[in-house]
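Two complexes come next, and they have one chain in common, subunit A, joined by subunit B in the first and subunit C in the second.
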Partner chain A sequence: MSTDTTAAPRESHARAWEGFGWGFAAKLVLMAAVNAVGLYVAWSAWDVEQWGVLVVSLALVAVADVVYFSRRRLAGKYIFPGLVFLLVFQVFTMAYTVYVATTNYGTGHNSTQDQAVDALLIQNERPVEGGATYPLTILISDDGPGFAVVGESGEVLAGTAEEPLAPVPGAAVDGERVTAVPGYDVVDLPTLLADTDLQQDVLELRVPVSEDADDGSFRTREGSRATVYASSLAWDEDVQTMTDTTTGTVYRADQDTGNFRADDGSTLPVGWRVGVGLDNFTKAFTDTNYSGPFWKITAWTFSFAFLTVASSFLLGLAIALLFNDTRIRGRAVMRTLFILPYAFPAFLSALLWRGMLNSNPDYGIINSLFFFGQRIEWLTDPTLAKLAILGVNLWLTFPYFFLVCTGALQSLPTDIEEAARIDGAGRWRQFRAITLPLLLISTTPLLIASFAFNFNNFVIIYMLTGGGPRFTDTSAPLGHTDILITMIYQISGVQGGSADYGLASALSIIVFIVVGAVSAVAFRRTRKHEEVL
Partner chain B sequence: MSGSDATRTSARRRRWWAEVGWKYPLAALVIFYAAFPLAYVLSASLAPSGTLTGSTSLFREISGQNFTALGDTRFWQWAANSMVIGVSVVVGAVLMGAAAAYAFSRFRFTGRRLSLTSLLIVQMFPQMLAFIAIFLLLITLGSVVPALGLNSKIALVCVYLGGALGSNTFLMYGFFNTIPRELDEAAKIDGATHAQTYWTIILRLVTPILAVVALLTFVATFGDFILARVILTSEQNWTLAVGMYAWVSDQLNANWGLFAAGAVIASLPILALFLFLQKYIVGGLTAGSVKG
Partner chain C sequence: MRKTTLSVAAVAAVALLAACSGGDPEPAENAATEEAAAAPEAAGELVIWVDENRQPAVAAAAEDFTAETGVEVELVVKNFEDIRADFLAQVPTGEGPDLTVGAHDWLGSFIVNGVVDTVDLGGQESAFEDVAIEALTYDGQLYGLPYALESVGLVRNTELAPDPVPATFDEMIAEGEASGAKLPFVINTAGADGDAYTYYAFQTSFGAPVFVQNEDGSYTNEVGMGGDGGYAYAEWLAEHGQAGDGLLSTDWTYDIANQEFADGNAPYTVAGPWAVPTYTEAGIEVAVDPIPAAGGETAAPFVGVQGFYLSARSDNALVATSFLTNYISTPEAMQALYDADPRIPALSEVAEAVAEDPVVAGFLAAAQNGAPMPSIPEMGDVWDHWNAAEASIISGDAEPEAAWDKMLADLDATLNG
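Showing the complex of A and B:
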């Protein structure tokens, strides 16, 4: 019954081993490589203290070894490689999307509270009033530029952005200036003046006085003298407050929102990541910036997907019916020419139409050739932009349904139609009562799949209109032709700008649910006709 | 006599026109609709000016200027990136998908039904929707191994391969099931191992479905924008989809001449593949839709 467990009547292949076969050698080399890569990743993860990556890479290597060196687990040997990618880059990312959706992850809430505290202390550093300045030597090492100064008791202190200042034995000093430090190259002033990139790095360089960000840092304004900077904020870990030492304002850590908040409601610019429960989901519906656009965009997403599928299917079906006629000559050539739009890469089509629909008739051929040189704002008027998108997508998609319907028509049994004809059914009746229902059986799953695809058809929207024209009643970068996926992209901030990963992930989950439901319906329908499992 | 002959001929001709003949002008209309933009882009690529001018006469001037100008841009680098990424994903996806389909089709192991059902559920959710999580995951991975982080083509290939099992296994699984099991059994009796059976017998027999999966995977990878844009940050790593979007997205600096020439070159391999593999594609499309 089970291939895995039945004992072979003769000795198993592995025991009848007669030396290194090519297959075994190849397997050994591959497994050695897999182990090497896995251990390298684990080692690097240890180095940068990414424990999750460490555990997962070790676990994957261990499972791979077990699967491929045991004589059983045949199925595992074939499924494992694909499964690893599926688990890491699809299943995990889906689960992670759910997690991010329940946090305030985004601009200003990127990391842990400790890192937020450090960032705030560093951002608010000012030169210490009346503080001493030190003659400075610029160093360069593999990690980038660094500073060296002579400390108060005469020892040489050196450090970089990552390594706080520390005494270096064996350094050479000339007067009050350091001239050589072991492990570093000293940069002299002419070299510094000649290298503008290095100057920029040096002016931005902050060498911490110690591991504790509270202690301040050394910085320079011109490259020859260093000044001690200290933060104008003071962090008190025990009572979890930040105090602005110049104004005396006390900011308390608020663990609900992940911010430092003063009594008057003002907050410090850097916060940290906290769980916010379902706030992101309610934000999509209630936040004045998002809720208005959200409903309009959702409505347009559904109508766009539905109208595209309906119009392309009808056109494709009509052409398939008309040209599925053996009396027409050259059908093969016609078919090839009809499907050209489908064979042309979709992103190029969308960009090409963007150029052709240019409102200025001097540039846009559609206006100049078909609309008598009128200036029609195809891509900047809300209604026309929607029409343009539907039209372009019709052009892109009808060949697909033409192909599908032609295939389905040719596989229809002819005897039923013949019987109908003999019974006196007219052509229209034949089509309505026989051809169409039969055709829909095989094409409905594809119609639903196409709906799900167009529901997330990022390329056509983003390339053709970029979601524009913009809504005027919101400050969010959203427009009349945005669909949910482009809305998610715009507010996620992965392109730069203000990022709100939490809200964007929450919207992704809403789309996940819609697409999942649509696919589930499609699956149930398919299963009625063919046994899948 | 001859008069009635003439009426019969003209009646037949009239019927021919009513039933068949009118479809030829209609076909011409459909072909014009389908092919006009493509003819237009070809004409624009050959025009010496750098704009998509609304000139009504196509192919008035022919010049290779735009094609030569591509050499001064990063176009060929992007094309190479697209090819490398596309081919890597195709090879990986076909190998992994076929292996998984073979296992599901031929072995009866515990958890088989459950795995198939889970796979079916997972593949309902488009991977690109998780682009934020992918972005954040790659930031973390990149801090461990830069080659797996943002701005790495290897990382992008890995991400695409993550979606390979879900979208291809079912398409292939159905096809694998149509290959008679007797063939495997005969090979097994002859002393072939499971690996020999797989590589030398099964894979040869399922070539048509491998071709369809390869084509659909390549087209999907070639045309993907969102993941490529999010992951590949520096210009020399861009794919054609990202790079050519950048060329024309800026209304003021859009260089349509370059774009047209690039579009002609970029679409040729895909067009050729589609037209040559037409009959396979129709079968593959009805078995499970990917594009459209």
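Showing the complex of A and C:
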């Protein structure tokens, strides 16, 4: 670090500031825009009470200002946008997955306890049997809203939340509907529809039919009709209990499982999300319905990913070597044709193959063309289904390695091979000792990437076999060709069955650790290949 | 200069951050993302999720509603298949819609997840087909406005089989064989996956409903497929399966079954209204009848009901209910929904009007034999086991009784485990 101010040959770019120029003006405008957007996000977050988003967006704006207005932090200026992407798209997603994995989020535990209470109260407030529906007039006074209806003998009844319905003298009636009640203002429907706060008050208003609470209370759902409803559940927030008012059963909030539970063990249908620690991880490994399939599926996932990469690399390489020979004519056309399977969307090809592999030779072209019309159960026999998946995936993947190997072969220095030939190395020796090692340097990272991709190759499994044929020794709806990612999909319940997002997230984390570990080890080994040079 | 480029990148980065953290950086043109930003200042605005088919009909009703009440209605077009999962995930966060279109068998999971509110039709229930109201009723409460129903029926190629369908499966097969077509009968088995839905009418004719029904037609959560009826049905599948006389086959996917029928290779098939255009476009004249019984009882197919659900966390529940009960449940709106997406209307008055079309009348008659598909929460967990068991029996891979027992045990483990 030089302290001599007169000679500063390595003055940093950021310090070579010569005053405000056009560049600075442009920066000012852009940073103003960044700040505006950031503050808008913070404001929206404030509106919907998303405090996490609020804090993070404010922090990011502050850091952006510091980084770009400071004369130092040159490195920061380059990496800040990338870090923001990393934070939002990677770190946040992973942290959220970890969080979900430690909860019982899933069917029946979809949200917070408050929402579960609301939902239970909604579900258990029902119209009183035989209760009629009355044309309703909504009233408003200083004490709040009230209802007025025409009683059975033609008298006008009015009441509020505190005062049960009672006859009011001096009210005006038009047909079946009350038009004026002394002491109240009448709210007409357009006014009601324009006022959301009043709508909430009206929806929440229950006007008791009489002094006896068991008679139920008038309630309206859409503002022009009133029906008598009675609630069969009572929520006591202070002691956290739900009481069934018809049977007297008391359900206590159980914060360990996220349910309302009675003493006899019965629960109310709607529960809420609670933390369950590492239970989901334990379940993945110990629950008999999952642990058996889990190990089988893990083994098949590894063999599937490895065999796919190995077979398609070897086939791709072989064809690439073949077409690298200048004596073959029409190489350009042939190469294009070989790449075609790669150009089709994989899910379409998989669906087509599924049809072609139909075991009935009348429908399945594979059996009718290549197997003399024999009936071969490609998709329903456990072993054949695995073979079918590997075969179809080979067909889908080899063009990629063909492409990659062709490129790599063309960039290999020819002089080394020439030297080997002069030294008397045979064709095989040349390939094994020179071409292959040189090729692997550039293709190994791609092999690892392909392994990681196929480890999570959802499309081919889902489209070709749907995981089937099913295991017969477990009750979990999983099959012989399921890989971990399709197992996670099945458990997450997106498809229809009951969902267990907690367990699905826990399994995702396990898959992430496995793929991460395999990739790390493999990349470490790649360095050895580089020592060849 | 380099600093400027970086700032541009930063703007883009922060803008993206903004976009994915919930708030929209600017009033978006895209309706699908717009609704995600819950806008509390838009007082009295209804958000409704619809699918593409029904969008025009709901839009017409919404226009009337807006003209008469001044309440703006925003329609968000979504894939029908995505609505269930999205509704479950987004209602609790407050970003769900006020109303959504949906299928009645989603109701169970909507209830245990607490995302759906009850609907009070104010005495109009009797104007609807009973099966439609039943389907959207759970534990005595109505959760949604039904608007259409659908079920499979027996579709007949009138050239190969001019006479109305006989009452039993065996008679139908005899007629089918007499017709000289390549196959006497074809049915979608969803390939090796199995399709208990399409086969269900045959199962109920053996007296083995998927769940035991109460007197009033509602379902208990007790599996009804065990017992003699269930085993008889399993035996029947095996008898006609690939190891038996081969009348049923797991080689038939939806497409293959439709193709065989459209090619005139089979006089009879079990299919829903959605498949009929495939046949008529191929030049096949069709008639629709109730499904013949294979066992001793009435063959009752599943009736699916489509309707509108009200979110449990709607900020505009009053306006939304008013829209449903006063603007969608009118004959005009129901007719518009039928015109936009021809399913049997749930409103009896409209159903009778459109039943002038013999194909619609046939499906209506088939549906009137049927029972609503259970909407109890347990239903979602049944399909996988049920389909697989049927497929393994039909293909001859498993002994009927053993496969049926395995299915019952799996269901017990899944539902009560």
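Here, the second predicted complex is superposed on the first by the 315 of 533 C-alpha atoms of A that agree within 3 Å, B and C clash if a C-alpha of one lies under 4 Å from a C-alpha of the other, contacts with A are read in each partner's own complex, and residues count from 1 in each chain.
The rule is simple: a residue touches a chain if its C-beta (ideal position, glycine included) is under 8 Å from a C-beta of that chain, and two chains touch if they have at least 3 such contacts.
Quick caveat: nothing in here was measured; it's all calculated off a predicted structure.
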Have a look at where A:V61 lands relative to subunit B and subunit C in the superposition and call it first, second, both or neither. second
**First (subunit B), second (subunit C), both or neither touched by A:G426** = neither
* To do: Determine, under the contact definition given at the top, whether A:G151 touches first (subunit B), second (subunit C), both, or neither.
  => neither
Inquiry  = Output check: A:D325 vs subunit B and subunit C. Expected answer is one of first, second, both, neither. What do you get?
reply    = first
Looking at A:L192 after the superposition, I want to know if it touches subunit B, subunit C, both of them or none. Which is it: first, second, both, neither?
second
| message | With both complexes superposed on chain A, which partner does A:F85 reach: first (subunit B), second (subunit C), both or neither? | response | both
(message) Contacts for A:A45 in the overlay, against subunit B (first) and subunit C (second): which applies, first, second, both or neither?
(response) both
Open item on the list: Looking at A:T397, would you say it contacts subunit B, subunit C, both, or neither? Reply first, second, both or neither.
Closed with: first
Of the two partner chains, subunit B (first) and subunit C (second), which one does A:R470 touch, if any: first, second, both, or neither? second
Check: subunit A residues flagged as touching subunit B and also subunit C 13, 23, 40-41, 44-45, 48, 50, 53, 77-78, 81, 85, 88-89, 354-355, 358, 362-363, 466, 494
Per the touch rule above, subunit B residues touching subunit A in the complex are 19-20, 23-24, 26-27, 30-31, 33-35, 37-38, 40-41, 51-56, 95-97, 99-100, 102-104, 106-109, 112-113, 115-117, 119-122, 124-137, 140-141, 143-145, 148, 158-159, 161-166, 169-170, 174, 193-196, 198, 219, 222-223, 225-226, 229-230, 241, 244-245, 248-249, 254, 256, 259-260, 263, 266-267, 270-271, 274-275, 278, 281-283, 285-286, 288-289, 291-292
Note: in the complex, subunit C contacts subunit A through residues 1-4, 6-18, 20-25, 37-38, 40, 43-44, 69-71, 84-85, 88, 92, 94, 109, 111-115, 117-120, 122-123, 139-141, 191-193, 249-251, 253, 255-256, 312-313, 315-319, 321-322, 324-326, 377, 380-381, 383-385, 388, 392, 395, 397, 406, 409-410, 413-414, 417
Per the touch rule, the subunit A residues reaching subunit B in their complex are 1-4, 13, 23, 40-41, 44-45, 48, 50, 52-53, 74-79, 81-83, 85-86, 88-94, 96-97, 100, 105, 319, 322-323, 325, 327-328, 334-349, 351-356, 358, 361-365, 367-369, 373, 395, 397, 399-401, 403-404, 406-408, 442, 445-446, 449-450, 452-453, 456, 458-459, 462-463, 466, 485, 488-489, 492, 494-495, 501, 504-505, 508, 511-512, 515-516, 519-520, 523, 532-533
In their shared complex, subunit C is touched by residues of subunit A numbered 13, 23, 26-27, 30-31, 33-34, 37-38, 40-41, 43-45, 47-48, 50, 53, 56-57, 60-61, 64, 68, 77-78, 80-81, 84-85, 88-89, 107-108, 110-112, 115-116, 118-120, 122-123, 125-127, 132-133, 189-190, 192-196, 199-200, 202-203, 220-225, 227, 269-271, 289, 354-355, 358-360, 362-363, 379-380, 466, 468-470, 472, 475, 477, 493-494, 496-499
